[in-house]
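There are structures below to look over.
In the two assemblies presented below, subunit A is common to both, partnered first by subunit B and then by subunit C.
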Partner chain A sequence: MATIVRAPQYRLPAWFQNNRRLTIGWGTTLIIALLFPLMLNPTGHIQDITGDVVEGEIYAMLALGLNVVVGFAGLLDLGYAAFFAIGAYSFGMLSSSHFLPSSSFSSPFISWGPNGIHANFWFFLLACAMLAALFGLILGAPTLRLRGDYLAIVTLGFGEIVHKVVVNLGPGSTINAFGWPDITGGTNSLDGIFQPSFGPVQFSTDQVPWYYLGLGVLAVIIVIAYSLQNSRLGRAWVAMREDELAAACMGINLRNTKLLAFSMGAFFSGFAGVVQGSRLTLVDPSQFTFQISISILVMVVLGGIGSVPGVVLGAGIIALLQFYLLHQLNDWMHLAGTTANIGLLQHIDLTQAQYLIFGIMLVIMMIFRREGLIPSSQRRRELRPADESVLAEENQSLYTVRSGEA
Partner chain B sequence: MTMLQFNGVHTYYGPIHVLKGVNYRVEEGEIVCLLGANGAGKTTTMKTILGLVRPTEGTVVFKGQEIGKMTPSQVVKAGIAPVPEGRRVFSRMSVSENLELGAYVRSDHKAIADDMSRVFDLFPRLKERRKQLAGLMSGGEQQMLAIGRAMMARPTLLIMDEPSMGLSPIFVERVFDTVQSINKQGVTIFMVEQNANMALTIANRGYVLQNGEVVLENDAASLLQSELVRKTYLGEAIEVS
Partner chain C sequence: MNQFLQSLPDTLVQGLAIGMMYALIALGYTLVYGILELINFAHGDVFMLGGLFSWAALQHFFGAQIGANYGVLGGGTLVMAIILAFLIATVSCGGVGFVIERFAYRPLRNAPKLAPLVTAIGVSFIIENAVLVWQTGTGNMELTYPSLINQQIIPVLGLHIPSKAIIVFVTAPILMVGLLYLVGNTRMGKAMRATAQDQEAARMMGIDVNRVISFTFIVGSVLAGCAGVIYALYYNSIDYSVGFLAGLKAFTAAVLGGIGNIRGAMLGGLLVGEVESIVDSIDASQGVGLQWAEPAVFLVLMCVLIFRPTGLLGAQVVDKA
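== the complex of A and B ==
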C-alpha cells in the first residue's frame, strides 16, 4: 500500500493570510514608489516632475489626516487647511531667518543667533505636528455639541480665521499701528526657512531626497491610520458615527472620542505642513485657503471615505489631474485649436476650470459609485447593505467564540 | 442591599419641569417596573440614571455611590447597562460587532469571549446571524441583540426602556422570558414598560408615574389588583356613574 508523504507546508504569518490583498497591494505600491525616481530618468533627475510628485505625497498625508476626522469619526471638517498652516507656520517661524534674535542660544534641538533660528528638523517635525494636534483640540472643544451642518460651518469659520490671522499678523496690516511686530510675514510670505540634512544628504532644490522623505512620512502615517482604524478608539469612532446616543450607552466617552479624532487628524497635517514649508523654504497664506480644504475633502470622497488605500489613491488622482493631466489636456486643446483654427480651443485654460472639473467628477461619482473608488468595507456595507459579496468578506471578529461553535 | 435609589429627584428640560421630586428604590436581585403614560417622565428617569439628564435637585445613588453627576461612560463603567428605547442597535454593523461594542468598557478579552458565548446560548438566533448586519434583522431579533449587547458589559443593574415596544406578541413574551432568566442569573432589573400586564407579571415591585410624580408604589401583585392600574393600563371598562 502506498503511503502518501505530505511535504511540510510553509505557512504564511496569520496577519498576512487575513489581509493578503492588502499586503500585496501595499507591497507593490511601495516597490513602485521606491523605484519611481529611477523610472522617470535613470541618468538624472527630472526636477519638475518629482517636485509635483512630492506635492502629491503631501496631498496624501493631508487626505489621510482628514480621513481620520471625516471618514473614521464622521465629523465633517471644512477648514482642515488651517492645521496644515499651523504645522507649516510654526516650523517656519522656528527655523528660518525670519526672526533675527539679538541674543544667542545653542542646544541640540534649537539654536538661535543673529542669523536666525535653527530648529532641529527631525525633532520639530514631531513637535510641530503635536502643536497642530493641540489646535485640533482647541477647535474640537467648542464644537463638541455640534453635528452635521453646524459642525461644518464652525470648522469652515475656523479655517478662515486661521487664514486671516496669518495674513494680519504680517507687515502692512492694521496691527502694526499698535506696535505689533511682523510675526508671520503676512502676504509677503515667510521665507528663508532652513532645510534639513540627513547624514550626508542635504535637502535642497533637488526633489529626490524630499520624495523619499515624503514617502517615509507617508508610510508612518499609513501605519498609524491602519492601527487607529483597528483600535478600540477606531471602533468607538465607528459607533459614534453610527449613533451617538447608543455609543454613549456602550460607555464610550463621546467628548474624548471626538477630541481625539480632531487632534489625530490635525497631527497628520502638521507633518505635511513641516515638510512643505521646509521644502519650498517659504510659507504663504495662499497655500492654506478654503480651496485647499475643499480639494482635500474631494480626495477623501473620491477615493472612498474611511478607506486608507482609497484616500491615498484619491490624493494621487487629484495631484495627477492638477499637476499633469490638465496641463497636458490644455496643450492638446491648443494644438487642436491651432490646427483646426478654432479660437476658443486656442485660448481655453483648463487649469482655471480645475474646481469645475472636480465638481463634475464628484457629481458623476455620486451617481455611479457613491462609496468611492476603493471603498472601506464599513462604508460599502452602509451604502449597499444587501450586497452578498460584502457580507461574505465580513471583518474578522475581535474575539473568537468558544470552540465547536464555528 | 439597595442597588439604586432616587432621593427627591427633580429634572428640567429648559423651563419644563419633568421629574417632580421622585423617589425610587431598587433592591439587589429585584425586577422593578415603572409604569406611566406618555410624557410622565419614564424615559427621563432612564436618562437621569445614565447621566444624559442631570438632576437639578436630589440624588441618584447606585450601590452607595452618587451617580447623578457622572457622565454616561462612568455610569456604564460603574456597572449599569442600558437597553435604550427603540433598541438602537448599530444597524450597519454585524451582530458580533454590536456585541463587541457592548463590552467596550471592559478589557478582559478572555472573559469577553466567554460572555459572548453566553449571550449566544441565551439567544441562539443571534449566533446563527452573528455575521449579519443588525439593521437587516427583525425588530424582535434586534431587541434580543440590544439586550445581549447590554449584557456584554457584565452589568449588575440592567435598565430597560420599553423592551416590548413595537414587537409582535410572540416576541413580547420571549423578551419577558429573557428578562426573567437574566434576572435569575443575578442581574437586577429596572424597566420602563407600557405593557403593564406582562411587566407586572414578572416584576417584584412597581411604580406608577403620572406627570413626573410617583402616584402609586407597591408590590407587583397588588398593583395588578389596584383600581388605578386596572383602569389606566389594563383597559378595564370604567363604570360611568
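== the complex of A and C ==
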C-alpha cells in the first residue's frame, strides 16, 4: 500500500488571518518607509526632503499620542503641545551646554563638567517621556471631575501656562530679579543640545539616521497604540467615552482610566519632544504654541478620530501640505498673478494662510465627514448613529459571523 | 514692591476698565453656554472683528480729520465718530454671529459633543487667520486705532484716571444694564430663559427655539463687537491676535462667576481684570518684558474649576448630559 503523502498545509499565523488587511497595509508601508531614503536621488535635495519627512514622523508621533486622549478616551485636550515642550525642554536642560556646572561628575547615565551636561540619550528618551507622563497626571488629576468642554478649556489654559512659564524663566526675568539663573533660555531659545550616537552612527545634521530613528520610535508607538486599543484598558476608555455613569456602574475606575489616558498621551508627546529637541539641537517657545496643539488636533480629526492608520495619514497630509503643497501653490498663485496682472495674487502669501486652511479643514470635516478619512469602524458608528450604510454594515457583519460559524 | 503699592489705587482703576471689557465678552460666552452648552471659541475673534470693522469705518469716513489731528476729534464730529464706530461694530458683529451659528453650529446641533467643540475651534482659526492674511496681504501689520479724544490724566479724589478709561466707564455699564433688561424684562428674554432651561418644553410652549438661539448669538456678538471697539479705543491698536487671549480670559471670567449666570459673568469679568492689572503692575515693578498675567489668570481658572466648579455665584446650567 502506497502511503498517501499529504502535502504539508502551510497555515498563516492566526494574528495575520484575523487582521489580514491591516497587516498587509502596515507591512507595505513599512517596506516603503524603510527603502524611502534610498529612493531619493542623492544628488538632489535629499537632506531637505528627508528633514521634512522626519518632521512628518514627529507629527505622526504627536498625533498618535493625542489620538489616545481624544480618540480612545474622548477627552478633548487643547494644550497638547505643552507635553511636547516638557519632553523637549527637560532633555534640553539635561543634555546641552546651556548649564555649565563648575564641578565634574561622571556616570554611565549622566555626566557633567565645565563644558555642559551630557545625558545618555537612550535612557533619557524614556526618562523625559516619563516626566511628560507625570505632568499628564498632574494636569489630569484636578480635571477629573470636569465635563468635556471644561476640560478643553483647562487643557488650553495649561498649554498657555507652560508656554508663558518657559518664556518667563529665561534671561532677564522675575526669577533673575531674585538672583536665579536663566533656566529655559526664554525667547532666546535653549540651544547647544547634544546629539546621540548609536554604535558607529553619529546623529548630526545628516537627516537619514534621524529618519530611521523616527521610524523606529513611530513603529513602537503604533504597536503600543494598537495593543492599547484592544486591551482591557482600551475597552474601558471606550466605555468611559460613551457613558461615564454606565462605565462606572460596570466597575470601571474612572479616575485611573482617565489619568492613564492623559499620561499615555503625554508620554508619546514627550518622546517626540526629546527626538525633536535633539535633532534641531535647540528648543524654542515658538515650537509649542496653541497653534501647534491645534495642528495636531487637525491631523487627528482629518485622518479619523480614534483610527490609528487614519491619524498617521492625517499627520502625513498635514506635513505634505505644510512643507510642500503650500509653497507650490504659492508659486503658482504668484505666477498666475504676474501673468494676469492681478495684484492680490502676486502678493498673497499662502504660507501665512496655513492655519486658515487648518480651520477650514476642521469645520468641513466636522460638518461633512466627522469620522475622518480612514474611519475607525467603531467610532463611525458612534458619530453617525442614524447612517443607513452603517446600519447595513452592522447587519452584514452580523450575518458573516453567523455564516462563518456554520 | 514700594512702587507697586504706591500705584495700587491706579492699578485697581485700570483693572476695573479692562475688567468691564472682559465682562462684556464674558456675557456672550455665558449666554451661548447657558442655551447650547457650547463653548463658542470663535467669540473672542468676533470681539476682535468689532475693533477691526470699526477701524475700517473710521478710516473711511473720518480718515481725513483723524490723519491730520493724530486721531483726536472735537465736538460734534467726535460724537458722530463714536456712534458710527459702535454702530458698525454692532451691525457687522451681529451679522457674523448669526452666520457662524447658522452655518457652522446649527448643522451639528444633535451631533456628539466633541463635534461642535472642534468646529468652534475651527471657526476661531478661520476668523483669526483670515484677518492675518488680510493684514499681511495689505501691509497693515500694525493697525493704529485713532484715540478720538485727547489723551490726558484726570485727577479724581487722588486717583489718576486716564481719559480713555472714561469711555469704558460710560459705555460698558449702559450695555450691561441693557442686557439685564433685555433678558429679564422682555418677551424675547423670557423665551431665552425658557430655552436655556429646557429646549423641548420651550418648543412645546410655542417658542421658535432656532430663532431664540440665533438671537442669542446675535446679542452675544453685538456685546463682543462693542467690547472690541472699547478695547481698540483703550489700547489704540487692534490686530488679528488679540481675540484669542481676550476670549480665553473672558471665558475664565464667565466660569469664575458661574457659567450661564449673567450677573456672575459681570462679576467674574471685573475680578479677572483686577487680577490681570495687579499682576501686570507687579511685573512692571520687577523687570522688563514679563508676562505673568496670563498664567495668573489661567491659574485662577483652574483653581475655580477644581474647588468651586459652579463659580462664585453658582452656575445656572442644567446638566443635560
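Note that in this section the second predicted complex is superposed on the first by the 369 of 406 C-alpha atoms of A that agree within 3 Å, B and C clash if a C-alpha of one lies under 4 Å from a C-alpha of the other, contacts with A are read in each partner's own complex, and residues count from 1 in each chain.
The rule is short, and it goes like this: a contact is a pair of C-beta atoms (placed from the backbone, for glycine too) under 8 Å apart; a residue touches a chain by one contact, two chains touch by 3 or more.
Worth saying up front: this structure is predicted, and the values here are computed from it rather than measured.
In the superposition on chain A, A:Gly216 makes contact with neither subunit B nor subunit C. Applying the stated contact rule after C-alpha superposition, one finds that A:Pro101 touches neither subunit B nor subunit C. In the superposition on chain A, contact of A:Val238 is made with subunit B only, not with subunit C. Once chain A of one complex is fitted onto chain A of the other, the partner contacts of A:Gly27 are absent, as it touches neither subunit B nor subunit C. In the superposition on chain A, A:Pro114 contacts neither subunit B nor subunit C. Touched residues of subunit A were counted for both subunit B and subunit C, and C has more of them.
Looking at the shared chain after the overlay, A:Ala246 reaches subunit B, while subunit C stays out of its contact range. Touching of subunit A by both subunit B and subunit C, each in its own complex, is seen for residues 382. Residue ranges on subunit B touching subunit A, taken from their complex, read 50, 52, 71-73, 75-77, 81-82, 84, 88-94, 96-97, 100-102, 104-105, 109, 112-114, 116-117, 120, 127, 130-133, 135-136, 149-150, 153.
In the complex of the two chains, the subunit A residues touching subunit B come out as 232, 235-236, 238-239, 242-243, 245-255, 378, 381-382, 385-386, 391, 394-395, 397-402, 405. For subunit C in complex with subunit A, the touching residues are 37-39, 104, 107-108, 111-119, 121-130, 132-133, 136-137, 244, 248, 251-252, 255, 283, 286-292, 294-295, 298-299, 301-302, 305-306, 309, 319, 321. Those residues of subunit A that touch subunit C in the shared complex are 70, 74, 76, 78, 142-143, 145-150, 152-154, 156-158, 160-161, 164-165, 167-168, 172-174, 176-177, 290, 294, 297, 301, 305, 344, 347-349, 352-356, 358-363, 366-367, 370, 382-383.
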